[in-house]
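Two complexes come next, and they have one chain in common, chain A, joined by chain B in the first and chain C in the second.
For the complex of A and B:
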């Protein structure tokens, strides 16, 4: 392993010499302006940061806060017309300020600074092999020969946890799964031994289980190669587990910086505090509404006066409106005697200790005070509202005209029931059949086997209009669930028109009443969907779903396309509506913290089967199935400084077209025993589909390959 | 604290910089700023105006022959007379009047044929895109066949077989020009069909026809209008070509294509006979094309954030 020695040496030398005198990355007063048709957009305003070798910095903020722009400014990847200004912009020996974008691209980016993008599906070029894309990054900078680059590529692919690294080089991106592609992206970013690695939402597009693995890997590699890392994320849980220092961005400004413990445990800025309150977290609030931040991120176009957060701040005072508060620097754990690297700072006129004097910021006015999550639960009736009995859905897939037909079993023998007032959360990785099941429950798709009963009668036998009046969906993406050609009013009134409900003039009133119920101002009645924000769009989608007063709402990832603060508003709304209208929810999600906040029962799905179904408390306190346990461990709650646990989850994805024998989960199961390979477990009386339940500790677990195998 | 209170009030509903202009007003503003669109629309609407009021504007009956005054040049060249501003043709008919009446034929054929094509193409395209399966396969097969046919030859033989008249020309050209509509609407429908608002519509109990007419067609409108204007230009050219070849509009009805055909024998010593209807066709087609392009520019940027 000559390569290994080669790669680690320079990094080690650098640290000893440089760290003491000057930081690796020094940004002072960075500004990015983008001219637009409506005026100049100040995307980044007065951002100053320092970062040492071996340190990881997290940048947090909502969409449009300038997180990505700040990173792109370092790489010279800003949009064509954007202007970058700064008083210092320095990476090691390179003065980025005096370089043009072209020079940065040539000398720095891809070499000294590398970037990992969000979407692993699109950031690799589908027509070139993995090997070519990996070696190209190295040979392009003219530093090594083809052979050396190849050797390093193999070494790094092994490092990022891809097995059979040498044969991987000939593979193409479509042959890899999303997690594997992101691993390749990480290997690619490491090819040139960069000093700084920027990861822009590197796991947002991945499943939670894979997210935990990738973040763990990223953290390990960052420490091993002693690189600096900037992790950009909107997810405070992710940030709390992976970085040393945090910078919170709002409206293009840094509003708070500090070590991860300081910022997340003792937030100084009202915005940081608000963000923290928005996050549903296990054990944090049992019966309260989630905190929300009112209003929306201000427009960054034109000059602003006063504090950027003033219009949403619950602590706003008159002087906040006059001048932008300066960044107050404070001595903290993370600060060094040298002033330049003092890190604890915040941009607010309030004294540092305001938090301790103040109660939680006043909540949004609501006609529902003291909402209790527990009410409405447990009214067990004789006949469940909706029930799936042994439901399966199979699709025939024929790849080409002449190949044989294969059967894909998307949902396999699923039984579940919802009683009035239940909130059943359906949890699982993407592709496990959640959405197919939801479609069948909505009546939009018919099961191949088994049946769905609505109040004891087969769903397929119910008149479609009657069925649609009683079961309604809310979809994930509020951008595609509203017809762009129709006004908000037209969209919400549509169900009434289709069903020919009541008098025409009463319908209009009903729309207004429903809009008020979901918190939509009446003036939006004639607006088009592209004129309102994402959160408002989701409110419109909810209004459309509830206007006929259905009994069941099937919500497919209702908040995953929204920002944290907006997510909290929508979750609160769903809770309120549940109380007010006595709704029953089927909530499909991958986000266990949302589940914890909303659900009364949880069903965990894996490869088309329900592997565990139980009350929420039972799952969170005493999960029986190993897969449920893995999911729970992968949930990155906010615990500053805590490392991401190793879930022990095997990385072999089973091909749904060719399911493994025995238990479906055994190739990835950390608890699998020999018997699991042979016998398929039945759903036990406790609704757990596992042979090892109840667990007997004397069984010898088989060693699963935790590396990625070919599939 | 007064200003703080004001902010509180503004925050009643989550608000965003909602544009004060309605979509229609925005569209109007964009149209008025688009030079190509303005030019196209102005020329096209003037031609439409002239065509409609041709009987009032035209100085002579376009069919009135006067062999004594045949082949007069336009007024600005030597030997021109003010009575016949654009001269006369080989039978002594007033060329200006014939051009004005010819505009009626061209526009009628253009708009008529483009409408026939629209009905065929959009129906097939939306059905193929929405229902998929064997319907899509049949429609795609039809499309392949249509694209393999030599259009003008087929049009010639069809008109020849059925017998030429304005109505037949409109139908034949229309029946042969629906492929653009089909290709565009089929793909767009397939894309729209995937979107959640179609699932939502289905989930509120909308029928297939309600979904097609209420949810899908309004979203195709922009594209259809753009193709429609472009197809008008194509149909006008096709009519001119058919008439030129003698199987389109029949003499003595004034048609620009026919006028060029009639003028070609005298082309070398009376070039105006060919140039004038040529300019007319060019202006009409370019104005419809510019308007079509402009409409696409004005309506397409559906600024989805």
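For the complex of A and C:
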């Protein structure tokens, strides 16, 4: 579609041998230093990579590992004060090292290399139309006329799966959903037919269902246009399905590289190994605990001695502390005989075959001996602990003084119950009403219809002090849910003061006991939240929540702001506390692998309604509702080489203010029949809200209420 | 867009009506117009006659009704002090103020925006620090002092501009600079923070990844977004200036609305004060309305509200 022949673009006539010898991207000894008040931060240390045309490379690592910095260094997009050094930095025939920032901006950035960022909601300029933002990418580089750019924009918008492409050009970003915006970002990245596309966590901010669609699209386009791609992600499931090669980063260094299969199936580095053990995966856990990596990522400020991972490594030896191990290159599937593009490598003193000799790295020993994860069904009591009966919550929305009031039904006729020991996971896409429901169960919001019962009595009748003693929340973001001006001790002791618990001395003791229980060192008592890590903050939030020994914890995405290794620690902690204190959890999350690890029952929400509620095993083995199936298929488990399945989910989003007639899910449902359009399904005997389900609601004479009480 | 404008317009009218109500009642509660007209030493009988004659003995709400009725017919009442129709007075004094206000706002924009852009492009640099400290200094300088300084410097010591009066364009230059300077700090700071916010946003990172740098980046992707708060503040600043600057008009002996307001307040001239307050309020309502429309044109998201 590009009208003029691009004289700058090499490689069109390259032979296969050529490609082997001259990789598209060659990075050698890349270093990025950022001066800070406390000294120099070595964000990227000695990174060398090669990438051929048409290849997809995944860079994996936890936050602060330098994965984004390495990519930004290519485009001259580093923070203002950052310094970049390298011995080679080459893209095709452009020597990026010898080019000034201005030249890179003119010739490479946005033209030969393009980027897709994490936040589709904020990455497009809100005041300019989609069309302008697409076409300027081409006109800026003097590639084409306005009209040609427009034609290509329409072509690409169609390519990325946006309907009515031509009329989209006049739309503004706020008129599109998150998934649609990310599609626009992808189209924008393709405008100049780049040689390399860098996607930095492109789907992290999106719903799982949308994530699968976007990743499929990205992979298809990358192959179709024969571009090289660097996909930066913390999610090994995503990586395993989308790329050919993987580079694992830790503390600014590459610590292991290889093909996806090599790295994920036979990890060489103890860190990679630990990371793989941290991930809850359906069917993987047979042990009760997730693997964890002890300790914290070291500070990257100043000079470091020895292996960066030594302080957290379970296989650590004396020589690890003295010198930084070199990157050992090894023959592998992705390497060529002359080592010029060898890709299988790892940075560890251990021999490559240590894995087969050694048992898996020892996990942190738990002080709990007999940890079973069976659901609380056995000790179920006659009256559920907490119960929602036909609960609805409606909000009146008036856009301005003169428009009429519209009603938004955030939660619609939801019934569920939790018995002691249950872990009920509430899953669904953003905006489905999960958090509104949680708020009502916490007693922080009252239902418009229906009632919430706590041990059989209305929750609204229980006095707030008593209620907060028995039901406590844990929130998603430990960075903003703790008061930055209070010390850890003050935060945790607060509920005791509010409830006037015992003597002052007892309170102090209780805080120490609780801190120990959640694994917080006592020395943090006088620290402030900004002095501790994200995982420790979440431990503080949990300590504060459990100090009054509540019966129910309502956890709203408790680990989604945390790195995987930390997530595993927090999930383990929640499991331990459940056993130790007999807690009941309502777990709100979008992450189905967390659900698989934690939950005993699962409730699936769609547009305010629960469409399916069943035991976890039932959902994972034999889900009844098409939406549940779509969610399960969208879960990207770690399966190197496996394609991302097409869920068949329609991309049409329903407006919650104008719900579709009939079944709410029918516009997107891959299995919808004509009847679904006309009739709204009621809950069936198995708590499934679908007309196609064999046990349709109208076939069952028993009243709904009696049915859900079974759960 | 049209829909949005209509809604905003209706809201503006409602505000104007409320203001007229408040002004009328407050002024009539605080002074007795009959006593003012009669003069300080008048006999009570005389005051009573005047009260009868002007209809001040009617209930306030009736008086308000007849005032509103007059308004709708273009009759704004007659000044007790100058014994002339209030409307004529306002029309006579307005041009001076309008010219001064527009020139002052021009000065503000020409000084504040480039300063803000330089400062935001290199935050914490020498340019930035200088701009900020100038802003602080400008904020601390009283208008009358700067006005007198200008007169001494540029009219007396170096007679470049006329000392006072409003008969030619040259007469307006010094007062406009003085009046405009007073708005520079607020506008400059706001534009600077706005730009810094925008420059650290995700969509600027996107634009940079496309290959935008420097001035092109600023003009094509940052300025429009950063202008939103500035437009609103400029509207208010212009409103203040159109309301007449009592101090600057006095210092430079300009016979504008500020002077008229001062004189009519000193003379307890209720109809004139009432009219002026109403006109000033209308100006504010109108300017806010215009800035809303302008903002909606700049930012498509505003059109939804």
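Quick note on the criterion: the second predicted complex is superposed on the first by the 665 of 711 C-alpha atoms of A that agree within 3 Å, B and C clash if a C-alpha of one lies under 4 Å from a C-alpha of the other, contacts with A are read in each partner's own complex, and residues count from 1 in each chain.
The rule we apply is simple: contacts are C-beta pairs under 8 Å (C-beta built on N, C-alpha and C of every residue); 3 or more make two chains touch, one makes a residue touch a chain.
Worth saying up front: this structure is predicted, and the values here are computed from it rather than measured.
Undergrad: After the match on chain A, would you call chain B and chain C a fit or a clash?
TA: These partners fit in the superposed model.
Undergrad: Give me the angle at the C-alpha centre of chain A between the C-alpha centres of chain B and chain C, rounded to the nearest 10 degrees.
TA: Between chain B and chain C, as viewed from chain A: 30 degrees.
Undergrad: Using the superposition on chain A described above, determine whether A:172 touches chain B (first), chain C (second), both, or neither.
TA: second
Undergrad: First (chain B), second (chain C), both or neither: which does A:445 touch?
TA: In the superposition, A:445 contacts neither chain B nor chain C.
Undergrad: Is A:105 touching the first partner chain B, the second partner chain C, both, or neither of them?
TA: Touch partner of A:105: chain C, not chain B.
Undergrad: Which partner does A:28 reach: the first (chain B), the second (chain C), both, or neither?
TA: Once the two structures are laid over each other on A, A:28 reaches no partner at all.
Undergrad: Quick one: classify A:124 as touching chain B (first), chain C (second), both or neither.
TA: second
Undergrad: Once the two complexes are aligned on chain A, which partner has more residues of chain A within touching range, chain B or chain C?
TA: B
Undergrad: Does the superposition put A:468 against chain B (first), chain C (second), both, or neither?
TA: In the superposed model, A:468 contacts chain B only, not chain C.
Undergrad: Please state the minimum Cα-Cα separation between chain B and chain C in the superposed model, rounded to the nearest whole Å.
TA: 9
Undergrad: Following superposition on chain A, which residues of chain A contact chain B and also contact chain C?
TA: none
Undergrad: Under the touch definition given earlier, write down the residues of chain A that touch chain C in their complex.
TA: Counting only chain A, the residues touching chain C are 75, 77, 101-102, 105-106, 108-111, 114-115, 117, 119, 122-128, 136-137, 140-141, 172, 174, 185, 188, 399-402.
Undergrad: Touching chain B in the complex: which residues of chain A?
TA: Going by the criterion above, the answer is residues 294-296, 299, 310-312, 316-318, 321, 442, 444, 464-465, 467-469, 471-473, 475-477, 479-486, 494-495, 498-499, 519-521, 524, 526-528, 530-533, 535-536, 541, 544, 548, 569.
Undergrad: Going by the contact rule set out above, which residues of chain B touch chain A in the complex?
TA: Contact set of chain B toward chain A: 1, 3-4, 7, 10-19, 22-23, 195-197, 199-206, 210, 214-215, 218-219, 221, 302-305.
Undergrad: Mind pulling up the chain C residues that touch chain A in the complex?
TA: Per the stated touch rule, the residues are 7, 10-11, 201-203, 205-213, 216, 220-221, 224-225, 298-301, 304-305.
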